[in-house]
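Beneath this line is the structure, given in structure tokens, with notes to follow.
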Amino acid sequence: MRAPNANEILLQVEGVALAFGGVRALRDVSFNVRKGEIRAIIGPNGAGKTSMLNVVNGFYHPNHGAITFKGRTRAKMQPFEAARGGIARTFQNVALFKGMSALDNIMTGRTLKVRRGLLWQALRYGPALAEEIEHRRKVEEIIDFLEIETIRKVPVGRLPYGLQKRVELGRALAMEPDLLLLDEPMAGMNVEEKEDMSRFIVDVNNHYGTTITLIEHDMAVVMDLSDRVAVLDHGVKIADGTPDEVKRSQAVIDAYLGVAH
Amino acid sequence: MAGGGSYDTFPKLLLRNTAQFGTRPALRHKDLGIWQSWTWAEVAEIIRSYAAGLHRLGLRPGETIAVVGSNRPKLYWTMMAAQTLRAIPVPVYSDAVADELAFVLAHAEATLVAAQDQEQVDKVLSVSDRLPQLNKIVYDEPRGLDGYDHSRLIAIGDIIEDGRTALAAEPTLGEQIDESIRAGNGSDIAVILYTSGTTGAPKGVMLSARNCIDAAIDTTRFDRLTDKDVVLAYLPLAWAGDHYVSYVQGLVAGYCMACPESSDTIEQDRHEIGPTFYLAPPRIFEAMLTRLMVRMEDAAPIKRRLFSYFLDVAQRYGEQVLTGRPVPLSGRLIYALGRWLVYEPLKNVLGLSQVRVAYTGGEAIGPDLFAFYRSIGLNLKQLYGQTEAFLYVTCQPDGEIYPDTVGPPAPNVDIRIAETGEVQFRSPGMFLGYFKDQGKTADAMTSDGYVRTGDAGFFDEKTRHLKIIDRAKDVGRLADGTMFAPKYLENKLKFYPNIKEAITFGDSREFVCAMLNIDPVAVANWAERNNVAYGSYQELAGHPLVYDMVAKDVAAVNRSLAGETVLAGAQIRRFLILHKELDADDGELTRTQKVRRRFIAERYASLVTALYNGAHDADISTEVTFEDGRKGTIAARVKIRDMQIVGPAKSLGRAA
Amino acid sequence: MASIARNVLMLAAALAAAALSAPAAAQNEQFIPILSYRTGPYAVNGAPYANGVVDYYNLINERDGGINGVKILTEECETGYATDKGVECYERLKSKGPTGAAFINPLSTGITFALTEKTATDKIPIITMGYGRADSKNGAVFAYNFPLLGTYWSAADLAIQQIAKELGGFDKLKGRKISLLYHDSPYGKEPIPMLQVLAQKYGFEFTPIPVTHPGVEQKSQWLAIRQNRPDYVLVWGWGVMNSTAIKEAAAVAYPRDKMIGVWWSGAEPDVTPAGDQATGYKALMLQHGAGKFPVHADIEKYIYAKGKGSTEPGKIDEVLYNRGMVNAMLGVEAIRKAQEKFGKKPLTGEQVRWGLENLILTDARIKELGFEGMLKPVSISCSDHEGARYGRVQQWNGKAWKVISDWSTADESLIEPLVADVSAKYAAEKKIKPRDCAKET
Amino acid sequence: MLYREAGQFKATYAEDMAIFPIRQDRIALAVLLGIAFIGVPLLASFRIWPFRTDYLLWAILLPFLILALAAVGTNILVGYCGQISLGSGAFMAIGAYSAYKLATGVHIPLAWLGFAIAIPPLPVLASILLGGLMAACAGILFGIPSLRIKGLYLAVATLAAQFFFDWAFLRLPWFTNYAPSGSVNAPELDFFGMIVRTPVERYLLCLLFVTVMAVLAKNLVRGNLGRQWMAIRDMDIAAELIGIRPLYAKLTAFAVSSFIIGVAGALWAFVYLGSWEPLAFSIDRSLELLFMVIIGGLGSIMGSFIGAAFILIMPIMLNVIPTELGLPLSTQTITHLQFIIFGSLICYLLIKEPHGFARLISIGKEKLRLWPFPY
Amino acid sequence: MIALGQFLEVLIGGLMSGVLYSLVALGFVLIFKASGVFNYAQGAMVLLAGLALVRALDLLVANGLPLWVAVVLAIGFAAVIMAATAWLIERFVIGPLVNQDGLTLFMSTIGVTFVIEGAAEMIFGSDVYPLRLFPTDAWFLFEGLFPGGILVNKLDVWGALIAGVLVAGLAVFFQRTKTGRALRAVADDHLAAHSVGIPISWIWFVVWLVAGLVALVAATVWGTKLGVQFSITFLALKALPVLIIGGLTSIPGAIVGGLIVGAGEKLAEVYLGPSIGGGIEYWFAYVLALAVLMLRPQGLFGERIIERV
């Protein structure tokens, strides 16, 4: 189930440009993500990687260019429309809800799937309770999957960095997304934590068949995990292809080793 | 109370339980955040389908099926289903290294292996070339096994499903299963338990169904266990203790067995499930006490003063209150207050507040440790047993509890002391012999059918209770003839929270020396509080302040030894602290953390010579295996410390 | 440790002693609660009034040894002119003392509205001298309400009579413009219905101008007044609103002598802050004004000489102090009257109600009490709980209040129909069967 | 020390998600409800010690219950959804006046359309609940600015609602059925034939309302909507990115909170005061509710109750104690002392535990569960 | 046709009273700008300052000191009182609550309000004390042009002058002086400021002292207008909309906000009020503030709030 079928394009980014006042974060970037694939976006700091994710996610609206997701092209997309469409996201520096426990954080991921209205939830009886239990059960599977049973009831503010990243991944998975955007999931982790996180990413791709778009600096991880890699530098796409092709391309080496532009 | 009689095999017992306690919970397992539970009726149906599935896989009566993994419902069901087909389940330690696993599987000629998860499956596959007769591997958790070739790898869940559909489809299969249950009789081999003997390769102890059930009936009646009781199954699957308490006694008494969520949530799960019957080796009680003391160190001063005050009260009145002996009214009141303020909350946090009967066995327990738990109201009793006796040889009845004895002979057990001081017994639960190893069986049995325990002991005149001194072969004599029981000394040393493990030398030597292992948790906590800087375990072990602290403990042991006429002479003259923790992976300990004395003596020979030639420090370099299997060497210079001898060193210990 | 234990024991003993001693002594005492406000925005007017009440009760105890020998026991509770605090104080004090509260004097129209229903059920009369529900004059419906000496409807009529007198006759009112600057609360809105009736009757143009609580900010109202140029401005304020009104009038140069305040907007704390700008400001008098009268001599002799006064000796001749004394006196006389019927012992609220309803003070009795010159005869009856509706007008000359008009009385013919109509509506709403006053003794 | 949790395992998700999963807590709750529903009425009807006079009922228990309900409503908006609101007083007023109008019959003369809407007087229960609904609509209306405005700026924006409705009920006589003095009387409290009049009946009525609505609020807060609110409170960008519509979340918070406050307002007017004027629902009421929520503990239903108790009872205590002890203090100094002590208590509590009583209690409970161990 | 004279008069009256509100609003802005605390106790501080001033003044005048000397001494005494209050607040309330969130700090200032109100009235008495520091009569300008002339109250003019001087002074203080810069640093991030070596507790003491002095100035003007009494604390409520329109963090914003609110309120009351029942001044300022916030969520001059993910 692992081999990404070549033809079906899940996400198509066409000529996207984004500028904040004078700063031109993205200049005419185009790339696609195939269904079931692990797609990496790499590049030196300030290359526009996170801005790219924010555009896909509807958080920033591009100045021009369009995004086609599952066949529908939308220039301006609200973040919660993206979420409803099936795009989930983790953040560079963890964006968890500090006032809630790990379990509640992941349960908020289920919010789109909840059918019962306000009155039913107030009664919390019969079908409303049944639905809540069903969501709880799905979340428990994710907790079991990410092996975070012991910290289920701990407020996230108290968790160490590595576990917070895992809870955030759990929240994204709880949305049962078609496309999962991971913004540097391994930043600030030690070797063992990185191994665990890579294992989870691979398992997510195999087990749930979720397409993953990954931003990461650790070259070993990127080359090992991803099927195809896109390289951004100063808002421009300078390379795109399989890990090996990208490794050899001179442009990438210059960008990383710092040849003067 | 379920009697034995015509139910002479486990599958028959299962049918009886379904009839008698159909709706009572048979098994609980903490999974996905809550305790999933199955009644006896549901378990019986699952076992029936599972047996049908296994039958279709080609499991034939008499064949052996190995079970590798921690306490999971599906693995226990594997054993029951195998016994339904009159096959023989062979549980193996889940933390066994690949070679050990390979030896046992080959020796037991297992045709099928039930593995818990990807880790165990990988281990089996890595040695599958040495196992010609192995044809299928079944597994419980599918996690990560998607990519494997599924020709020889089947999920247990699928087997049960396949069996269920097959049973529905062909009624004949159902009759075959029933027929095989009826055919089963007491003399079938119910299970083979591989002991991890301290010496030599593991031996497969064969236990017949009738022996197991008769022994279990005696012990359930002895402790009045009913179907209302609950047991937490947390000890290694392959250990006789867990198999007896969780599996066999569960079937006989009909009580519920609870499996924890994972190996590192045991304490939390015990707190949640609140077992009523509890068995644990002394090492677990010891660790619990150390952690308890360390946690109390950090409590607020008032709480600490309150805690120590009531512990003293417990020491004065605890024992009498527990055994119902007369206690002065003021004592009873203070103890009652203590119970509300300290003892009940203590047991509550440890998850022991509902325990009606608790046993400790497998190793000698320090008298102070034993007294501590009884004083806070835990009905802890000692038992002495071996895999060959399917656990119970002696067990203390509720009324008569002494810290230094292991109790009178268990019901229907006949014990005698050989002239060498070795304890020999005949019991309903005794084993049939070692699997495929007549030679060893002969060695272990006497001509008139008694089993040789290999432990030295004697019956105490007053209490008629058996007292174990030490391993028969380890009991030695000092050069000047005084008796030297290494185990006894080591237990006294280990009682102190800072000392985790101790090995004493003295057989045919002038004086006694000891090699100690400090307890990383307790000493690290001490270091932190006294802001003693240290980089690694090795540095901490060698630290002069640590030596001073341990020296104080050793001196205390010497003082207590001076008081005992028999062993006064065997006080510790010199000791050193080992630079690394003794570890089962390096073969220095058995799987149940017992010291492999001879192996250590050879490995640290240079240190032993240094102890006896008066040197003040010695160099040592040992080979170590890391967690992921890679090997490496550690070198260190270990210091030696001299102690003075205490009191009237007039040693009387001539003869036993 | 020992010392701390000793202190705790001593404190406990003191507490027990205090708790025990209080009720024992109160066996032969008539309990009268005092609801007052000495803090918050209305303290400036509340405090002098409360001092008058407290001093008069002390006088009765010191001079006469109580009412016919029954000493008065009082307890003060701070309401801060807030309705819910007022209700809480009422609930706390209503059943204290051997026979509970003799009567309640909340000194706030808001609290009066809240307590009207409660006092009826608890059978404790509520005296609202010069304020309260104007329609509660009709004793048939409001058995337990007593707006003695004047309601706001009487005050409105008296004010218009004064204007007419100044303009030279009622007919001169036609076409004139009279504005009412009122505190936007039940107290301030009470006179509006009466003024509308009068405006219709005499044909003058009446414009009400509301000022929101607490009345600190009135610039826009006075700018409107300056544009509107009304002939007269009636001031119905309380607390800081009065002094601010006078100051703002000075700021827009509106003639102070064209301003007439109700008897609650005519006391020293209202005019002193404006200093000499307040000269010429007129205000109605609830019969009495400032100044010393024979009773003051007793106050100085029996109270201040012994240092038991609740304020400085120089302040006992102020308007609100005197009004406090008058209110206390009416209460005491009502109890004395009730004692004639029910005996000289602590009386319940219901018995005091009878005393109030049959209270008659002749000129001679007033002289005897030392209040002559302050009050005219009062006679309360079942149908008329007001008892008298006289009033005079006084003017501030920069240093003191000068009486500038003689006695006049409110025109009942205009007030009666309004009282009947509004009290009937209340009776219907609350399902109260009006008493038949004629039949009762 | 009091907890014996060993053996209390959870076999179903419903058990695990219960409001009080631990048996000892359930026992404590049962005792509390027993005292509230049975104890107090019994003691009061037989005039036993604390209820010799009905002062305790009228002046403390009744206002406590109603203000606690209003505090729960405020806590939903301020504590759970993070939208600071100083308009709770106005929403109480809307609840009270619309209930009053509905109970006495509504007549809206739409002259320019040529006809008038006339609603006959409704039963008291219906008018209280519909009053709450009207407050909810007003809440939604004044919740719209919260989409753009955040934090303390929003607090002042809600002040606009407070002062506007204060003014409306004061100035527009239609609301008070043209009562001459602007003060209105509560209609007869006729619940399905039973007339509520005595303090005990009023107490039980309020207790019923408070219990039912507190449970509903607790369910909402534990459920999906509650999590959405908390998500918006903690990090609204992240909430939006996981599919929570900020408009829906914030406005439901305003609506639910205003409904509860509206019902509390209707009860305050009908059951406690009897007859009232807009000053009863002034800015001081809004501030008082905000104090209760902050002192009690933001984001905790139980905290709201404790906050209400503290803010209501402390000043009364500070008043009653000096007089009980017979200390020779004039009421003036007592009131000043009360201000000073009350203010310094608030500061001390906030320093001791910025998250209010609820956090203090949960820490205490945690210590008891782990007794004698520190962690 | 609305009389132009009346319109001008109402406008000027409104502007003037608006400026007087901004005097109080300045105190709020100061403390929020330097410590992120929304200080509800500013109204109570005005009362405290007023009471200290007027009682000291009355005492000194009673002992026969010439007026000008008494005024200076009284102002000195009041300033000392405000300094002591500032120290106490910083030491016992703001200090211990150093990194709590805005709402908890806001709540603690409400606690402080209660303490100040209780203490002030207990020490200095809860009566009305007239204060005569400024002439309170009015000029009548352009009597020729408009019937009855345009009334301008002298007190308001004095108030406007003082406000202007104050704003200029504070602006200079914040921009130029060392402590001013330190204040702005602490406002942005007190942790960073701490690490740079700025003595946080001293800075906060200075902030609360300056706010106290601003309160004293406001007390002199408002004391003369209303007489020093408890009701002055209600000014805080009147100052809130001024604060919001101007923006919580800008000093000049407070003045502009004051002008807008003052003029808006008075014009609405005089022209719009009578048609819909009068007394709309009460809520008009807040609705105005709401409208401004809808346009610019952080007030006209407040810093834009930027959120990054």
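A few comments on the model shown:
Going by the order they are written in, the chains are A, B, C, D and E; count residues from 1 in each one.
Just so we're on the same page, a contact is a pair of C-beta atoms (placed from the backbone, for glycine too) under 8 Å apart; a residue touches a chain by one contact, two chains touch by 3 or more.
These numbers come from a predicted model, not from an experiment.
Between chain B and chain E, the least number of touching-chain steps is 2.
With every chain reduced to the mean of its CA atoms, the largest distance from chain D is reached by B.
The most distant chain from chain E, with centres taken as the mean of CA atoms, is B. A count of C-beta contacts for the chain pairs C-E and D-E puts D-E on top. At the centre of the protein atoms shown, by the Cα-centroid criterion, sits D. In terms of their C-alpha centroids, the spacing between chain B and chain D amounts to 58 Å. Between chain A and chain C, the centres computed from C-alpha atoms are 74 Å apart.
With centres defined as mean CA coordinates, chain C is found 90 Å away from chain B. With each centre defined as the average position of its C-alpha atoms, the distance from chain A to chain B rounds to 47 Å.
Multi-chain contact residues, meaning those touching two or more other chains, occur in chain E at positions 121, 126, 278-279, 282, 309.
Of all residues in chain C, those touching 2 or more other chains are 38-39, 47, 184, 210, 212, listed in ascending order. The residues of chain A that reach two or more other chains are 59, 91, 95, 136-137, listed in rising order. Listing the residues of chain B that touch chain A in their complex gives 31-33, 143-144, 146-147, 261-262, 264-265, 268.
Across the complex, chain C is touched by residues 3, 6, 9-10, 13-14, 17, 121, 126-128, 130, 132, 136-138, 140, 148, 151, 153, 155, 225-227, 229-232, 234-235, 238, 265-266, 269-270, 273-274, 278-279, 281-282 of chain E.
Contact residues of chain A toward chain D in the complex are 57, 59, 78-80, 82-84, 88-89, 91, 95-100, 104, 107-112, 114, 116, 118, 121-124, 128-129, 132-133, 135-137, 171-172, 175. If you check the complex, the residues on chain C that touch chain D are 14-15, 18-19, 21-22, 36, 38-39, 47, 75-78, 80, 82-84, 87-88, 91-92, 94-95, 109-110, 113-114, 116-118, 133, 184-186, 189-190, 192-193, 210, 212-213, 310, 422, 426, 429-431.
Residues of chain D that touch chain B in their complex: 1, 3-13, 15-16, 370-375.
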